[in-house]
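Please find the structures below.
You will see two complexes here that share subunit A, one where it goes with subunit B and one where it goes with subunit C.
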Partner chain A sequence: MNPQTHVRYEAALKVTGQARYEGEVMPPGMLHAALVESPVACGEVLSVDAARAETVPGFATIVTRADSESLRPSGATALIREKAIHFHGQPVALVAASTGSQAREAARAVHVATRVQPAVTHLDQAAGAAFAPAAVGRFPAASRRGDPSRALSEAELIVRNRYTTDVNNHHPMEPHAVVCWWEDHRAVVHTSTQAVFATRASIAHAFDMPAGDIRVLSRFLGGGFGCKGQLWWPWMFWAMLASRKAGRPVRLELSRAQMFTLVGRRQATTQDLSLGFVDGRLTAIEHDVVAQTSTHADFSDSTAVYTRLLYACPNVSTAHKLVRTNEPHPVPMRAPGTAPGTFALESAMDEAAGQLGIDPLELRMRNFAAHDQESGRPWSSNRLLECYRVGAERFGWARRHERAKSKVGRWTVGFGMATTLYPAIRQACKARVRLSLDGSLVVQCGTQDMGSGTYTALGQIAADALGIPMAKVTVELGDTWLPDGPFSGGSQVTASIFPAVEAATSKLRAMLANLAVGDPGAPLGGRRPQEIEFRDEMVRGRSSNVAERLVDLLARGPADGLAAEGECAATDHQALAATGMGYGAIFVEIGVDAELGEIRVRRVCGTFAAGRILNPLLARSQFIGGLIGGIGMALHEQTVTDRATGCILGKSFTDYLIPVHADMPEFDIAMIEEDDPHLPGGVKGIGMLGTAGIQAGIANALHDAIGRRVRHLPIRIEDCLASAY
Partner chain B sequence: MNPDTTALPLADEKHLPMPRIALSMTINGARYDIETASTATLLDVIRDQLGLTGTKKGCDMGGCGACTVLVEGRRIASCLALAASFSDAVLTTIEGIGTADRLHPLQAAFIRHDALQCGYCTPGQILSGIALLSENPRSFEEIREGMSGNLCRCGAYPGIVAAIAEVAGL
Partner chain C sequence: MSGPSFRYIRAARLDDALSQGARQGATYLAGGADLLPLWKAGLAAPTEVIDISRLPLSQVSYAGDALAVGALARLSDVSAHPVVKRHHPMIAEAILASASGQVRNLATIGGNLLQRTRCTYFRTDGLACNKRDPGSGCGARRGESRHAALFGGSVGCVATHASDLAVALAALDAEISCRGLTGERRLALQDLYPLPGATTAPDTSLADGEMITAVHIDGAARFAAQSTYLKVRDRASFEFAVVSVAAALRIERGVIAEARLAAGGVAPLPWRLGRSEAALIGRAPTGEAFALAGELAVEGATPLAGNAFKVPLLHNAVIRALQTVGEGS
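Up next, the complex of A and B:
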């Protein structure tokens, strides 16, 4: 099967404003909700007095901790069941009223009495209390192979530095929203979630009701990037309680400011990294990470995990620790772990290359890991070396040596490069396909499309398998009435839906083939079913010109057409024969105006080896989108907590900068074909690859341009000013 | 453990019913007679009261461009506009630009260049792009500058600029 450049399945709905996002569903009699936020960062709620709020015109109802007592205790309900205040802005009540502005006014009129306790508002205030988390994602928090401290003491060169990364927020353009109502004992929940089935399970548990009585829908999702997950649930539960209390549908929409506090963040990291070299080869790595988590739960990115396997090195130790602060809770965000982790590792490799007098690209190729040294397994496929070669060629990396501090206008130009990687894994998935008598196809899977092209991928996989044009395919997703699908995240959706849809379509193909050969009077009657292939809405004999139209074939089958289901299991990490990873090489050209301290990314070449690419048009968009996210992390994004109050400062796009049109470099994207026999369909997943590596690429290019090494993110104007170096 | 108590300051004024006003507007060629709160934003009227949800709310603070609409061909952030000051105005929202069967050339170019991912910023990008096209941008650089009030978190920027440039004949 060749890659197809189908345009995005739902694009026409989106460009005409007809795609309806879940917060835009408007049932009659709907109330609007607003959250009452804690004015302190640490303490306890003593009382919530709604007397004045009740006098606000349009006031309908209020939900507080007292109402949450009807919910079952769990991690998801702790914040709304307990008195404790863990961070500034933590909601302490929800008010519903006739309009949004009435709800906000009523929320402001709620009187909250709190007992204040001293808050920990910065990582360094509690550094002494750092502790090791139980795990980092699905990996152990610490690792050790060989004897890194001894190897370091014997190394010819040691590069030992501290790298830090700041807090980022996800900020999908669509703020979280829920529109919910009750039909007797059943709940209907339209909400912007990356996981309809997990959301349904959370509701079933909290409300102690059967999952079958809950319908969760997320058919259009205005981005997510990791934040439309479990941290949203408590506030969604409150909206559902308000709806039950008022007997009317309720809509809750977060404000942009609340998206800094309520739905997660990329945690800040402090990373101590030592590399030891003998003869230009890595002999030792020690990578120790300290990161922030909240006072109500533990979360650690897998920041140092990829240091265990990116390079060949006999002696490696890694460790993760957490520090609790009274700040919002972190969750995975675009390239979780690999984004901050590669910033440290790939910056350090660049520093080492400089000190060794070896080209940074050459140093990486020399230290290529031919297998996964951490697990001892082979790679399922790994064309990283090819990425390096092709990327260097396309970018013109060789000119780096000729260039010697070139200037273009006011810009001092620098080149940098770095590696990116992300694991290829799969979730359990079911899918259903239904072929009607008119030859049209419906594909159903209860996953979501957060912008990553899942509608298109589902349709395309089924259409290609059955030889049906995309124009005849209807895709349904984002609804718990559909077969169980994966959550949207971790670059896993395409890899998960592929085998499930393939399983369903191969059943359908078998049914069709039997129909085709079963009727002795039909064109293909009497042939062997294995000889039948599917192309251009026809079934054909593989070795002859004989064919029959699909619709004629279907007319001989059941009156309601044919349907089949398929499923695939999640990756079984214990039983893996090979480690699946996607890779990429990122080459960056930047310009620095040292008088203004301005830094611009001028050119980015990303070369990726990420298994089989289903749709190059959409894959390119994914890679570029990811790279832009990485540019934001490198140069723009920084969430700042006021140390005195614990309040997040500047909760808006005027203070929290994200990349805009004017920041865009020229992009050159190359995809290296890979045939991976270990992964179903050879699909690896691509979403995260763009968002790692580029941060180090930019920092390395900055060093190349002006000779200044910046070891923290984001890189700021003051880091680039002439007076600063 | 500091046992003192803090509370949010109480508003002193009594909560009076919000004054309501009557307005009429022409949106996408249709006339709407609207009664709304005097404090309502144009965005809330369009989106919540009239149900024209193609106009998006990304920040409600003028920082993202998701709520862009055209007023007599000029682009504005409808979240920063008081509905009351648009009485008798002629507005265009994304619903008035084209339909799936009859796409505006810029909408068609967006699809070809895959200038969207989640699609939430897309209506604002398209309206802003249409207004920019009427300002005759002469280079990619000018398009990028002229579009920088429209944020896209998915990072569809290069496709968006390519689509506008194509329609501009650049």
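Up next, the complex of A and C:
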């Protein structure tokens, strides 16, 4: 299959408003729900008094901890079953009423009595109680190879610094929503989730009911970025309990302000990193991470994991620790681990290059890891060196040496570069294809499309395999009535669906081929099935121009057309013979007006090696989207907490800044094709690659421009400001 | 998403509006650019909303170097008005540096001057804020103070005024006309904004029901050729000023004859930099004079932990604005 630039499958539906998001489902008799939030960050709920709320016109029902006792205890129900208040804004009740404003008015009228306890509202406050998590994602929390402390003591150059990154929030355009109702003992749950099957399993466990009695739908998602997962479940359960109590459908939609507290965050990190060099080669790395987690659960990003394998180095130790604070619980967010981790590592490499007097690009090429030194396995494929070379060429990196503090208007220009990487992973997936007598194709899979192009990819893979134009393909996603599909996250959906759809379409091709050759009177009758190929809605003989129209062929088959299912298993990382990673080189040009402290990104060149690219048009869009998210993390995004109360401040887009159009640089995206023999279909994920690396690239470019090294994110006016004229 | 319910009244005539607006719990609605977000967040809970947007108060007139802008004129219309662009380009610049195109199409001149502070303690229900809840204290002083005032703050409030337009207007000695049940009065724009006290921090000196009807700039077109509005912010657009400077000079025979300087983002009101202005008079428009103005601009600043960087930033911004203005001479 050749790369195709199919436009987005659902583009017209979205721009004409016909794509129905789950929060827009409006069953008759539906109630609207609102959450009552805790006014304190730590303590216990003593009582919830709804007397005044019940007098609000339209009031229907209230759900509190008492109602949650019917749910089975688990991590997903702890927050709504227990008295403890873990963070400011934690919901303590849900109120349902006839309209949204009535529900909010009733929620404001609920009186909550609390016992307040002192809250820990900053990482530093509890740094002494840091502990090692059981694991960081699917990786061990700590690692060691060789003897890094000895190697550091023998190094010619040591670069030892602390890097910090602040809390970020995900903020998809579409906030979390659920519209749910009960049909006798069955539950119908329309909700914005990145994982319909995991959501169904969570409901089945909490409500102690068979999964078969639950239907979860998430057909269109206005973004997820990692937050449309488990942290949403407790509040969704409460909406379901309210629906059961009231005997009517219930709708709950989070406000933008609640998106700052209820659905996760990127944890703040403090990273101590030491690099040791001998003769320009890395001889030692120590990377120790301390990060925030909540008081009710453990979560650690894999921040230092990629430090284990990005560069060739015989002596490496990494460690992750967590500190509990009375703040919202963190979850994976856009390039989890790699974004904060590469900020530290790739900033430190730039600092080392400066001290060694070596070009930062040259230093990276010199320390390229020819295989995965942590596991000892070869790379499944790795064209990072090609990314460096092509990116440098396209960007004009060599001009870096010609420019001496060049200025464009008021802007002092700086160049920076950094590496990005993300593991290639795959989940179990099933897919079904059905060809109707009129030659139209339906492709079904229970995964969902976060807006990243899954509809298009799924349809395109099936259409190309069967020689059918996209216009005749219908893709059905985001429904637990469809075949089991993977959750959307970790940049692995395309890699997971690809083999499943290929398996389904090859079965269909075999059926069609047998049909084509089976009738001696048909044009291809009597040929061998292996000779049949599929193009332009025809079946053809490979070595002749004899052909038959697909619809004619189908007319001879079963009356309801032909269907087939395919499936693939999840990656068994232990059994892999090679390590699969996607790579990229990010080159950045910034302008800084140091007298006013303003910094703007002027130009970004991202060169990526991520296996086979199925659809360059969509891939380019994914890479640019990732880079923009990375610019946000580098220069704008910061979730600010009032330390006195634990309350998050400025819970709106007025105060939580993200890049706007006027901030957009010129983007140059290049994709280095890889022929990866180890991964099914040769497909690696691409979504996360653009989001990491650029943070260090920007910090390195700032240093290049004005000689100032900023080791924390976000980088703001006060960081770039010359103290005075 | 909606806030508490209220009674909506569309005012047919100005006199009706004034008596309706004077009632307890009533508030005026013009463009709604600030009121709606406050209401949605539960921070404004009027019982009556008097929609004045259809009253005939949106005229822009100019005669004998006297500019009068009706309070209900839209920001986008004023910034695009030929008279404003020609005689008061600094006003157009300040407006175009504000908000976004969509918001400017909605927001009115009077509403812009009356917008409430962006202080996140004011904007977060439940936190200590004397402006929202007199007597509750000021969370920002010891808390997150990046956006706090350098000048004019008190132990009870360090909020800044967020309007760009007000800074440019203040530099040009603008006045406003107000109408209330007791009649009309005219006052200097800066007198609209009282300084905060120890436990209270009222936004304006307007009486209940009193309404801004027009903004006046008299005899200031002489600055048209040498004026600028400089806004410093973390991203390129759609953000309130971290610091801003409105600067205007009149240079006669190589010497500064008049200087106007006002700063935004640093005080509870647009902050005139009088000492800097006075020091510039009679000097040649050189880097030395500008540096002096920059130094005097930050004299008396009382920074907190989070906003100390705004002292050098204001210093540098004053110099940059004067350089920009002085380039023409």
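Quick note on the criterion: the second predicted complex is superposed on the first by the 723 of 725 C-alpha atoms of A that agree within 3 Å, B and C clash if a C-alpha of one lies under 4 Å from a C-alpha of the other, contacts with A are read in each partner's own complex, and residues count from 1 in each chain.
Basically, contacts are C-beta pairs under 8 Å (C-beta built on N, C-alpha and C of every residue); 3 or more make two chains touch, one makes a residue touch a chain.
Note that the structure is a prediction, hence the values are computed from the model and not measured.
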item	value
Which superposed partner A:A644 touches (first subunit B, second subunit C, both, neither)	second
Contacts of A:P659 with subunit B and subunit C, given as first, second, both or neither	both
Contacts of A:L508 with subunit B and subunit C, given as first, second, both or neither	neither
Contacts of A:I586 with subunit B and subunit C, given as first, second, both or neither	neither
Subunit B versus subunit C as contact partner of A:E105, first or second or both or neither	both
First (subunit B), second (subunit C), both or neither touched by A:A692	neither
Touch count on subunit A, higher of subunit B and subunit C	B
First (subunit B), second (subunit C), both or neither touched by A:P39	both
Which superposed partner A:S255 touches (first subunit B, second subunit C, both, neither)	both
Residues of subunit A contacting subunit B in one complex and subunit C in the other	39, 100-101, 105, 108, 255, 652, 654, 659-662
Of all residues in subunit C, those that touch subunit A in their complex	1-5, 37, 41-42, 118, 120-121, 123-124, 126-127, 139, 142-144, 232-240, 242, 291, 294, 309, 312-313, 315-317, 319-320
Subunit C-touching residues of subunit A, taken from the complex the two chains share	39, 100-101, 104-105, 108, 255, 257, 595-598, 600, 635-636, 640, 642-645, 647, 649-652, 654-655, 657, 659-663, 716-718, 721-725
Residues of subunit A defined as touching subunit B within the complex	7-8, 10-21, 24, 26, 39-40, 46, 52, 55-57, 99-102, 105, 108-118, 171-175, 220-223, 225, 253, 255-256, 450-453, 617-618, 620-622, 624-629, 652-654, 658-662, 664, 667
In the complex, subunit B residues that touch subunit A	1-8, 10-11, 14-18, 37, 39-40, 44, 47-48, 51-61, 63-64, 66, 93-95, 97-100, 103, 107, 110-112, 114, 116-123, 126, 143-145, 147-161
